[in-house]
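The structure under discussion is supplied below as structure tokens; questions concerning it will follow.
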Amino acid sequence: MSSTANTPMSLPPRSDLAKGSESGIWIALFAITMSFAAFTSALFIRQASTDWTHIAAPRILFASTAVLLLSSVLIEVSRRGFDGKPASQIKEESEGRMLLAATLVLGLAFVGGQYLAWRELAAQGLYLATNPNSSFFYLLTGVHALHVLGGIAALAYLLAVLAARGSVRRNLVNGVVVYWHFMAALWLYLLVVICVRL
Amino acid sequence: MEEALKSQDHAHAPAEGFLRKYVFSLDHKVIGKQYYALALAAVFIGMVLSWLMRFHLVWPNAKIPGLELIAKTGAPGGIITPEYYLSLLTMHGTLMVFFVLTNAPFAGFGNYFLPIQIGAEDMAFPRFNMMSFWTTFVAFVVLVTAFFIPDGPPISGWTAYAPLSAIGKDAGPGLGWGQNLWVISIAIFCIGQLLGSLNFIATTLDLRAKGMTLMRMPISTWAWFITSSIGLLAFAVLLPACLLLLLDRMAGTSFFIPSGLVVSDRLQNHAGGSPLLWQHLFWFFGHPEVYIAILPAVGIVSHVLTNSLRKPLLSAKVIIYSMMSIGFLSWMVWGHHMFVSGMNPFSSLLFSFPTLTITIPATIITLIWLGSLYGANIQITTASFFALGFISMFVSGGVSGFFLAQPSIDIYLHATYFVVGHFHMVMGVAAIFAIFSGTYFWFPKMTGRMMNETLGMLHFWITFVGTYCIFMPFHYLGLVGNVRRYASFVDDFMPALMPVHKFITIAALTTGAAQFIFFFNLIHSRFRGKQATANPWRGTSLEWSIPSPPPWNNFGGDHPVVYHDAHQYGVKGSTGDFVMQTSPEQILNE
Amino acid sequence: MGKLFGVILAIIALASAYPIVTHMYVQPVDISTHGHAIDEQLADTMAEAGLSFVLAQLLLAFCVWKFSNRKEGAKVYHLRGGARLMVAAAFILVGTEVLALGVLGQKAWAEVYFTAPKPDALQVQAQAGQFAFYFRYPGQDGKFGPLHPDKIDEGNQNYFGLDPANDLESRDDIVTAEMAIPVNREIHLLMHAKDVGHSFYVRELRIQQDFVPGLDLSLHFTATQTGHFEILCTQLCGLGHYNMKAYLNVLSQEDFDKWLKQKASEQ
Amino acid sequence: MRGKYKQVLLLAVVVVVSASMLTSARPSGGSVSGKITYEGTPAKQKPIDMSKEPSCAKQYTTPPTTETVVTGPNNALENVVVYISAGAPDEAAPGKAAVFTQKGCRYLPHVLAFQVNQELNVMNDDQTSHNIHPLAKINREWNKSQPPGSPPIVDKYDKAEMIPVKCNIHPWMHGTFAVLKNSHYAISGEDGSFTLPNLPPGKYTVTAFHESYGDQSQEVTISGSESKTVSFTFKAKPY
């Protein structure tokens, strides 16, 4: 029987409750990764069947990809802008705020781009149930767009809190930034999956 | 100033008003109780369904008075139709696996005790926590609604194998809106569990009290932590699978439905889907789900045993590492559900090995329990008896796993009652024994009153013996080749086995009836039970350092400081043979 | 109370083992060439698992008997060797068992799945549909006509969707509701699902294989005894699942030829 | 005085009522009759192997055959529903229920004709569960099982339709519900003959429906109480 140390380990005190939002996002990313792994492995299995007709990805996707990547850069610049300040609270007057707003707008533009892509496919007579590839196209882009909309809602919430209270918790911003980058990376992966037939 | 800080850093203020206090509460303790109550409702329905099934199997043409009022087409004149039997089977499995075995040991007890055991005032995200319960509640309501629609509940089993589950009402009664409700319910349930798991992980990582290192956490906390990590990933797979199934059913896609199927004389308008894809996705979730049910049980039993033995287990660390390896291996074994399902025969062998290997950590845990009993001073309580009963069930259900893990034996035993006996023992009954153990153990903490031990013992003995009478003969039936999921036994070799089935049915009705003792005890003790002290079992972990029941903010605004791990029993402390985690006294080496 | 627990648990353990030891419930006679390997494997596993079961339960019973509610202040002590002993025991005992059963025990599996059917094996097609099996023999020409799902007409016994008007190969195909096979001849079973998943289970043949819609699997086996056996569906397929069965008649080659001729005349 | 009036009145009522009953019982108007035949070779009707359901199989010494095309001597075609598809007004349903019986794992009768909103009773005379699944397209589709000993399934249809009926548990069991708008219908017998009596004068479309061969129609004009003959010939193919 070993004895246990008598001195309490130095852990962060309870007041760091707020740290939760950032770790919460990280944990959620694991779940999202898993979900998309499930979706795309279903796609890979489905691609092996004989009736797979590969459809060409609408051009607009590349434009919206550029928009999303740009937004990712902007939000990163915004985060670094906050980095220099030691405070755990981010103040309203920070210059990063405008960049957050710009990210939000670009995010909306990305979702709009996806909508145009769906319109383009529908114009070719390709709907959700038309063939396996179109099913997966709508499914993957749709579920991803939903997640991006979630990020947009979070950005809107950040901006609203900044405007109302004048400050917002630092780790909340960090969480949203991590989530946003992840959405961009996830999109690049999905784009490859959609365009390339394995 | 100090006081102001304290109340400020709590995630929420004390609840006011009935709705905030008892319904839409943010308090993890209330939410834990809500989960537990939901599981009780589900287990009650599930148990009644199993009675109806057992009754129908041995008296197939007997009228069950009044049943026709609930199921007009399912049981015309009170006689259960084949499809209604399958509806009962599907709903029994779904309710038990999702709403009982996941809800009670994991979400219920976990919600109540995980924050307390690590010295937190609440979960990391109390609002998510409340949402996760109410989402689960909605899922439950949606599922149960299936009983009351004209078409009746689905008949495709809790595994909902495609294409049976994907085609729609052509495939049979209950596969129209009944199956839709099932898929929707499970998808909603996944969302609830994802929110819950996220909360458990974040709470364990971020909110531990000062001095509460990971290795000082009680085994139960560890079990919930590991389980939530499994749940986070497993439900993240089931959710997309449900979405794909729903699209196949409602939007005409063909993820799981191949071409050229003729169902009810109608050629189905689908092409190119893969039925095996559903099985892979489902079991990729489904096998880890087994451990979502059983790991919290292992944790609860270890926690109760450590206390009842009045000495630490041989090694808590080894149990924790074993649970981790079970959690890890659980991702590599899903294919053992599919040995004869048309998967590549080579992969069957590949899946067989991790399946056999997973018995090693399970055996280690069992041997540690058994070895720890040696030289102990076992306190006889209903809680400890249920924990010991759990070990017995875990062993019984575990050894039958050896048969099913081998593809060649599975050729013969697959889809027989042997499988039914196996999973009911190891995952159903064992987990339920742990729930009982946890209930008798923690009831004083949760309500401030003791449960009646005499009734508890009576409940234990009937349940323990009854359970063996029900589930052990299932294995014998399986060895003869009795196929499961049959609404009645029309096969030529079955008359010889009917006496066994009758025995099982009578045992099931008796054992089921004994559960009313438990229900009564629960309600009676809640209002009339003896007042409980803060630490009636002389326990070491943090939940015993606060009043019973705990105040709204658990530690009354204090931040507990932890000096020891939770296993300081059989030592000389100032209060007896144990030293509490919060006690700063020095423990000398033996 | 602790003593009672020990006694009852011991009784339960021994009573559970009793029907096994006395072979009260065993699998039916094996009529296949590969089945003995499965039976041996099952018997070996039963011996090992059964022994572990009884030992573990008795150990639990003993410990609870001996160590419960001891006197106030009784000194608790630990098993020598502690956790290390347990871990070692688990690795050695279960590890060997895993290796033994896992490695040596794949014979039967290999025999069923990793060998190709002999070229002279008799081909029989089995179709599973809600809720009956139907079988097809290729007839004189030795060829199965193609399947057209849109032509399926159960009222007229066209269960497979044959089109004899256009497919010459289909005209002599023999469709039956019972499966008959010659004894001691390898059967190459071609499996086709008409609607949802089903399974082909003959207890005496030690064969179980799912029918997967859209995936035509095949299986081969040899029956060594004549007789009348049941083919059961073991994959939940809908409301009539319990009643989805057919008979397997293992006949002498002579009787089989006669039977096939008789069935051909009924087409 | 008043009593006498009463008696006369009563007598008058009795006379009128019985007269009207007599007239309704007497065949009024004309009738259409005829014979249904086929030309060509009909598909061979095969014996049904019921071995999967021993309780049914043992009811037969020689296995029954399929009933998709049932023929009689002289190319007579049985089980054809002949009905007035146009020209006759829709009628209220009769009070008597149409009965569809499952016996020996077969449907009795194989073709059951009844009217819109007429009560339909499905009985199970067997010792096994049956499943009745009328594959309705216009009407509400249902799919129910009937264990032995359970009460009859009672239902009705509110639109006219030819509905194929199948038993999911016993795939060989197939039959037809002919749900019709009026009471002018008949099902051809063993000799292929049928009669549609009691047709008031008017112009009618007579339709003959066969479950394998579809339907054919002819126009008929009835004046007075004449009897007209209409015959239908269906083309049969061996496959």
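Going in written order, the chains are labelled A, B, C and D, and every chain counts its residues from 1.
The rule is simple: a residue touches a chain if its C-beta (ideal position, glycine included) is under 8 Å from a C-beta of that chain, and two chains touch if they have at least 3 such contacts.
The shown structure was predicted, so the numbers you read here are calculated from the model rather than taken from an experiment.
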*Chain pair with the greatest number of C-beta contact pairs*: B-C
_So the centre of each chain is just the mean of its C-alpha atoms; given that, what is the distance between chain A and chain D in Å?_
65
*Distance-wise, how many Å sit between the C-alpha centres of chain C and chain D, to the nearest whole number?*
47
_Rounded Å distance, chain B centre to chain C centre (Cα mean)_ = 29
*If you average the CA atoms of chain A and of chain B, how far apart do the two points sit, in angstrom?*
33
*Return the residues of chain B touching two or more other chains; collapse runs of consecutive numbers into ranges.*
81-83, 172-173, 259, 264-265, 272-274, 488, 490
*Tell me, which residues of chain A touch at least two other chains?*
1
*Which residues belonging to chain C are in contact with no fewer than two other chains?*
78, 129-130, 154, 238-240, 243, 245
*By the touch definition up top, name every chain pair that qualifies.*
A-B, B-C, B-D, C-D
*Quick one: which bits of chain B touch chain A in the complex? Just the residue numbers, please.*
5, 9, 11, 120-121, 124-125, 128, 194, 197-198, 201-203, 205-213, 216, 232-233, 235-237, 239-241, 243-244, 247, 251-255, 259, 271-274, 277, 280-281, 284, 312, 559, 561-565, 568, 571, 584, 586-590
*Note which residues of chain B are touching chain C in the complex, please.*
81-83, 85-86, 155-157, 159, 161, 163-164, 167, 171-173, 175, 257-265, 267, 272-276, 309-311, 314-315, 317-318, 340-342, 345, 348-349, 352-353, 356-357, 359-361, 363-364, 366-368, 370-380, 385, 388, 391-392, 395-396, 399-400, 402-403, 406-409, 411-416, 457, 461, 464-465, 468, 472, 476-477, 479-481, 483-493, 569-570
_Interface residues, chain A side, partner chain B - complex_ = 1-11, 13-17, 19-20, 23-24, 27-28, 30-39, 42, 45-46, 49-52, 128-129, 132, 135, 139, 143
*Using the touch rule from the top, collect the residues of chain C that touch chain B in their complex.*
1-2, 5, 8-9, 12, 16, 19-20, 24-28, 37-38, 41-42, 45-46, 48-50, 52-53, 56-57, 59-60, 63-64, 67-70, 74, 76-79, 82-83, 85-87, 89-91, 93-95, 97-98, 101-102, 105-109, 112-114, 129-130, 147, 149-150, 152, 154, 161, 194-197, 199, 201, 203, 206-215, 217, 230, 232-243, 245
*Quick one: in the complex, what on chain D touches chain C?*
43-44, 46-53, 66-68, 128-129, 131, 145, 164, 166, 168-172, 174, 211-212, 237-239
